[in-house]
Each structure stands twice: as C-alpha cells, then as structure tokens.
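Down below are the structures I want you to see.
Paired with chain B in one complex and with chain C in the other, chain A is shared by the two complexes that follow.
Then we have the complex of A and B:
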C-alpha cells in the first residue's frame, strides 16, 4: 500500500479546486474553429487597414527643429553647455549629475550606475563644433572656452543664458542682446548654423561607425528643447494627456497601458521627483498580484463573488438547474468517486 | 524485378517503430522524453474533437482569436522584415503592410485582454491550472513589451516621443542601463527577434498547458455537490 493512500483528503476549496465534470461531451472541431477565426481576423485586419491605415508622422531632426524654432534651439544649446539641461542633470544611466529616483533605500538607477555616458557640454556642443576645421573663428572660440576656468565658463554661460532669453532670429541670423559672455556667443551661433545645415544630426550620432543605429544623443538633445514637447502636446501625447497610451492623430495607441498611464495623473506620482519609480513599483506590485491571484485567498474568490461566471456559463447552469433552478436536464457533475467515469474524449 | 508498394512502411522505419517499445531502451533519455510526452499529451488530448458541453460560450472564442491575430502579426511582421525598416516609410504598399501589422496588433491585444479577464471571472486557475494562469499573465506582459518595442522602432515622430518619455520610467528601475529605449538598433532587435520568440514560445507552452489540463469546469451549480475533477485529485486536493 502506497503512502499516498494514507493521506487525508484536503478540504475542497471552491476557488482553488474544480468541480468534477461527469456530463456530456460534444463535437468540437478545434482546427476548423482556428482556421475560421484566422480568416475572419485576416478580413477584419484588412478592412481596418484599408479604412483607417496607419500614422507615420515625420520624425523631428535637429535640422528641422533648429529651422522651425532656432531660438528654442539656441536656448537649449546653452543649457547643454552650462550643464543645466534635463540631460545634463539627469543622473544615471547618462551621468552622475542628478539624483537617482528612489523609494526609501531602494535606488536601482543609482545601483546600476552610468552605462551610456553623456557629457552634454562636450558631446552636444564642443565636440560637434570641433568637426568644423575650416572655421578658425569657431575653433578659437572653442579653444578659448575649453582653456577657461570653470568659474569663468560659468560666468560666460550665465550671462549668455540670461541674454538668449530675449534672442530673436531674423534673416537667418540669431540676434542676442549684448553682454559679457566671451566666446559663448560665437559657439552657440555656430552650433545653430551647424544644426540648420543638417551637419549636427550626423555629428551627434552616438556611434562613430559608418552604420550607426544608436540615436540616444540626438534624441536626448531634441527632447531637452521645447519644440518636440510642443508638437506632442498638439497631438495629445503629453504625459498629463495620458500620452503613453495615445497615438498621433486619431489612431489607437497602446490602450493596454491605460493603468500604467493612470498613475501619472494622480498623487503621489504626478507631483513627485520619484514619480516614475513609484509608478513602476505600483505596476510591478499589481502585476505580481495578478499573476499570483490563484494563491491569494479573498482575491481568488472575486470571480465567485461577482458571479460573472453565471453569465459566461449560463447555458450550462440553465441545463443543470433547469428553469426552476432544480432541474437536471443535463448530466450534473458529481462528487468524484460517486459517479461513473466521464465519457472518454475520442479521437 | 518487383516494385515496392509506396504505401508500405519502409523496412528501416518499421524497425524504428518497433524500437520505440524495446525494454532495453527504457532508461534512454530520448525514449523517456517521448514516453512522458505521449503519456501527458496523447493525440486525442492534443487535438481533441470533443469538448465538455459547458464549452459553449463566446468567451472561449477570444483565445483562438488571440492566436489567429498573432499569426497575422507575425506574417505581416515577416513582410516588413523582408523589405527592411525603411520600406514602409517610402512605399504605399509598405505603409499598407504596416497598417495590417498595426491593426493585427490592436486586435491581438484586445482579444488577449478579453481572454484574460474572461479566464479571471471563470477562476480558470482552479484544478491544477495555476501554472496555466501564470503563463497567460506572462504572455500578456511579454506581448506588451513586444508591442512597446514596435512603437519604439517606427522611426517616426511617435517613436521619438515615446522613447524620450518612456526612458524615465525604464531608467528609474535601473533597467535603462541595459535596455536603452533611445537606441533604435537595440529596440528593433528586441522587437523582431527576442520578444517575438518569447511570445511564440510562451503561447505554445500556454496552449500545451491548456491541452494538458483541459478547460476548467464551471463552479458547482445550485443543486450540485462540489467535487474534484478526475486527475486533479491526486496532487491538488490530497494533502
């Protein structure tokens, strides 16, 4: 006699165990059903594609940005040079200049550290300008800036940042109120011209190989400006517009991200410097709960309490319970061991 | 000279068929795996032509619709991959194939979500089906990732905006160190190789689990005494 036969049967738990099925089986052509579903889905997809198509708004380039809004570009460029832009003060994984997001002592962003190092002053401004060897005035300005003390650099950039707030762009020329900003004026003006020519797009590619596929640097530079965000807001894509689940125009986006996006609209995430990590923590927690529902008493009882299953299996319950709730027109399930074996599933 | 009957089993094949049952091969790994696989999922269970009478609800359609839509997603993705990532931006045919890809993804995700919530309200984890439920949740999560990397790989304004916004969430978890959403090359490899492989493998596993355990039975009716499914009793209900 095996040890198993001595085991005491566990109590039947409705939300964990299943009722024995001793009822009838019916013909069910699973392959045919799949092929019909495939054809119907293919027709539906084709119809939707013909009627609605799909969006493909042109990407923003540094060239298109600096052409459409050169003042915004110049204002952003000076923040990259003086280290006050979003990317410059971001922190990991780009640099150590910002505070990593955290919940209590948990700071994975900090723990994993810098993996895509970006020094915005050099990578976004000075190094690209150094690729223009035929412009001695620009090269002299870059050399003068690099040779200056950090205090002097800060004084120049602070003065320029204040002045460029009132900058104008007319007749292809950036005009900034006069001030004591040393070589910075020449640097930003030259970078704006380089951007408008299209040369800066290529110079910013993270990879120096011929075949580049990493657009981290130009994307971060563009995102530091106001231009990209203004286009996104017009297309209801901003964070406070449930942007992550939207698509340009009226096309459906990633609607399945609605819950993720929801947390960005409410406290604490919508007014916290740790908001992104808080949202992810909430979603990770909820996802674990969803996966482990079968193990969690109470949570796993929700289906039985809500009784939606009565709607799903209404034909079955009608058969089993009959019109008055007590009929047995079908073959009702019975306690295992007290009923004959179910009809075998035939091939 | 005699002409062999083309329908007759080849002599070498006949030997192989006999070899399948040789007692001396019982300890062979290959034979063990084959025996276990056939015992767990005999052809009748793998491709059943009968289902319990309660499997008569529209909710069951959404599982097969999900798989059907996945087939269309993969087929259209194949075409897009054949011509490369720039094709659909410059060709009206390519744009149409991209539209097919987009809408099949929308239907795939919609059907999967309805399927998931349908299974939730059926408490489909009952009777040794917990792993099936968890595998379904994992399929959903990986599919969200596959769709997300697709949006990042579009090379248009939408992908620019999504990547520059999503980076903050990804980076906050530390994942940004190895999963750089602004790196187009990395994202498209995840989208067309790694995640589709995971989705297809997990969906296959999920379907095998469903076939292994069968479709969960309804909660006991008012006039029924709750019992335990045959086959579920040994490990699920016994202590």
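Then we have the complex of A and C:
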C-alpha cells in the first residue's frame, strides 16, 4: 500500500487552485484569429509607415563630429592621449583604471574582468596615426612621444591640455596657443585632420574580421567628447531626460521602457555612480516578483479583489447569476471551500 | 530627380513630417514627449475597448463538447 492512499486531500485555495470546468465548450479557431490579427497589424504598420515615415537621423561618426566641432574633437583627443578621458578611467571591461559598478559585494563587471582591453592613448591616437603613409613629420612626432619618459609625456600633455582649451578652428586649420607641448601639437593636429578626412573612422574599426562590425572604439571616442552629449540633450535622449523611452524628432519612442528609465530619475540611481547596476537589480527583482505572483499570497488575490475579470466575462456571470446577481464576495462561481474531485480537463 | 523616384516619393513618402524638434510636457520629474503621450493614451483606450467591447456571441450547437 503506498503512502499516497492515505494522503490528506489538499485544501482548496481559490487564488491558487482551479475547479474543473463542467459546463459547455465552444469551438474556437485560433489559427483564424492569428491570421486576422496578422492582416490587421500588417495593414496598420504599412498605413502608419506611409503616413508618418520613420526616424532617419544621420549617424554620428568621428568624421561628422570632427567636422562639426573640431575644437571639441582636439580637446577630447588630448584626454585620450593623457589618459584622463571617460573611457580611460572607466574600468572593466576596458581597463583597470576605474571602479566597477557594484551593490555591496556584488561586482559583476569586476568579476568578468577586462575582456575588451582599450588603451586610449595607443588605440585612439598613436596607433591610428602610425597607419598614415608618407607623413614623416607625424611619424617622427609619434616616435618622439613614444620614446619619451612618462614624466615628459605628462608634462607635454598637461601643457597642451591647457593650451587647447583656448583653441580655435578657422580656414580648415586648428590653431592652438603656443606652449611647451613638444610633439603633442603635431600629433593632435594630425589626428584632427585624419578624423575630418574619415580615415580615423576606418582605423578605429580595423579588426581581424573581414566585416567590421565592432564599433566599440569609435563609439567610446565619440562619447568622450561633448558633441554627442549635446545632440542627445537636444533630442531629450539623455539619461536624466527619460531618454530611454524617447525618440528623435517628434516620433513616439519606446514608451514601454518607462519603468526602466523611471529609476534613473529618482534616488538612489539618479545620483549614484552605481546607477546602472541599481536599475538592473531593481528590474531583476521586479521581474522575479512578477514571475512568482501565483505563489505570493495577497499579491495573487489582486485580480479577485479588483474584479476586472467579471467585467471581461460579464455575459457569463449574468448567465450563471441572473440579472440581479453578482454577489459581493467577488469569488467566481463554483468555488467551494474544499477541493473538488479531479476531473479530466479538455481544451 | 528621376520621374519614377518622384512618383514613388509622392505616393509613399511620409505624409506627415515628424522630423522636427519634439515638444515635451513636464510634470515635476516626469518629462514626456507629446508623441509618447498620444501613444500611451491610445494604449489605454485600446485596453478599455478590449474590456468593454462585448465578445461575439457564440451560439453553440448540441454536441459541441
């Protein structure tokens, strides 16, 4: 005799258990409904596309950035060379120079380590310039910079960073006040010209793959400047402008991402260096909560309390309860205090 | 512009140009574009319509079970 024979019947819980359906069944063609929905959505999408079109902003490239604002490009380039840019001090996965985002002892970025190493001075400035052919002056400047001591390099870059703050760009030429910055002036001027020609975009994309699909370097370089941030702010796409749910121009954006971007507008994420990880943790927590709703007493009773289901299935409740029915408990009919006998349920 | 391109642009080009600076509403820390607001209102309307519009009545025959 098995232990199951004496198993006590499980108590029926109305928000957890379902009663086997004993009423009649209706035929339902789900394939037909799918096809109708497909056609309706296709007509809607096509019609809306014809009427409204779609956002078609030109992509921001290193070329477009350095053409629109060459001074900002030069000011950013020197921060890449001296290691003070946002990317240079970001930390994992690019380098070890910054603090990884964390909550307590949980530091996933640190655990995963530097798996996309970027040395901004070499990768963004010196290595691309080394690819320029037939330019001995630039190659000599790069060689002189590489051969100098780190103290000398720091002195040159500090002097240039101070000078480039007052730089101007006129008649296609970057003009930087004179200073004791050694070969750095030649390096940044050459990099600015290379960027404006479009060659730097290609050099930053160069990879071992046949098709260049890794835009990490140009994107980080562009994001280190002020130009991209100013464009994003203009289009209300910045993090403190609910940017995640916005779109360029007057088009509606990704409104369904409101809950993700909400946390960036309120403490603690709006003023924390760990904001991204905090938002991630909050959303993971809420997602787990949503998945576990059927198992959480109280939370799983909300549909019964709100009685929206009675509105949706009002014809059914009118039939089973009569015109004056409805009750006050909000419980679906047939729900009793003990579990009914199990019965095969068919769809 | 070639004639064929002109015809297609006229026929299929966007009739309403949304490629202009957006307009935004501010409520405290909430900031929302009119485009998003309209979409959200439409979603709410569709939600209530889905609840309130009655189902097509099924007249089942005996033996449908």
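Methods note: the second predicted complex is superposed on the first by the 312 of 347 C-alpha atoms of A that agree within 3 Å, B and C clash if a C-alpha of one lies under 4 Å from a C-alpha of the other, contacts with A are read in each partner's own complex, and residues count from 1 in each chain.
Methods note: a residue touches a chain if its C-beta (ideal position, glycine included) is under 8 Å from a C-beta of that chain, and two chains touch if they have at least 3 such contacts.
Every value quoted in this text rests on a predicted model; they were computed, and no experiment measured them.
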Which superposed partner A:53 touches (first chain B, second chain C, both, neither): both
Contacts of A:27 with chain B and chain C, given as first, second, both or neither: both
First, second, both or neither for A:289, with chain B first and chain C second: neither
Chain B versus chain C as contact partner of A:154, first or second or both or neither: neither
Which superposed partner A:165 touches (first chain B, second chain C, both, neither): neither
Touching partner for A:280 - first (chain B), second (chain C), both, neither: first
First (chain B), second (chain C), both or neither touched by A:68: neither
Chain B versus chain C, judged by how many residues of chain A each one touches: B
Which superposed partner A:259 touches (first chain B, second chain C, both, neither): neither
Touched partner set for A:245, first chain B, second chain C, both or neither: second
Set intersection of chain A contacts, chain C complex versus chain B complex: 24-27, 50, 52-56, 247-248, 251-253, 255, 308, 312, 315
Residues of chain B that touch chain A when the two form their complex: 43-45, 47-57, 59, 61, 64-65, 67-69, 71-72, 88-89, 95-96, 98-104, 106-107, 109, 113, 118, 120-123, 125-127, 129-130, 133-134, 137-138, 141, 144, 147-148, 151, 154-166, 168-169, 171-178, 180, 182-186, 188, 216-230, 232-234, 236-239
Residue ranges of chain C in contact with chain A within the complex: 12-24, 29-36, 38-40, 43, 51-52, 54-55, 57-58, 60, 64-65
Complex contact set, residues of chain A against chain C: 24-27, 50-56, 234-236, 241-242, 245-253, 255, 265-266, 308, 311-312, 315
List of chain A residues in touch with chain B within their complex: 4, 7-10, 12, 14-21, 23-31, 33-34, 37-38, 40-42, 44-46, 48-50, 52-60, 92-93, 100-101, 108-109, 111-113, 115-116, 206, 213-216, 219-220, 222-223, 228, 231-232, 237, 239, 243-244, 247-248, 251-257, 274, 276-277, 279-280, 287, 290-295, 300, 302-304, 306, 308-309, 312-317, 319-321, 325-326, 328, 330, 332-336, 338, 341-343, 345-347
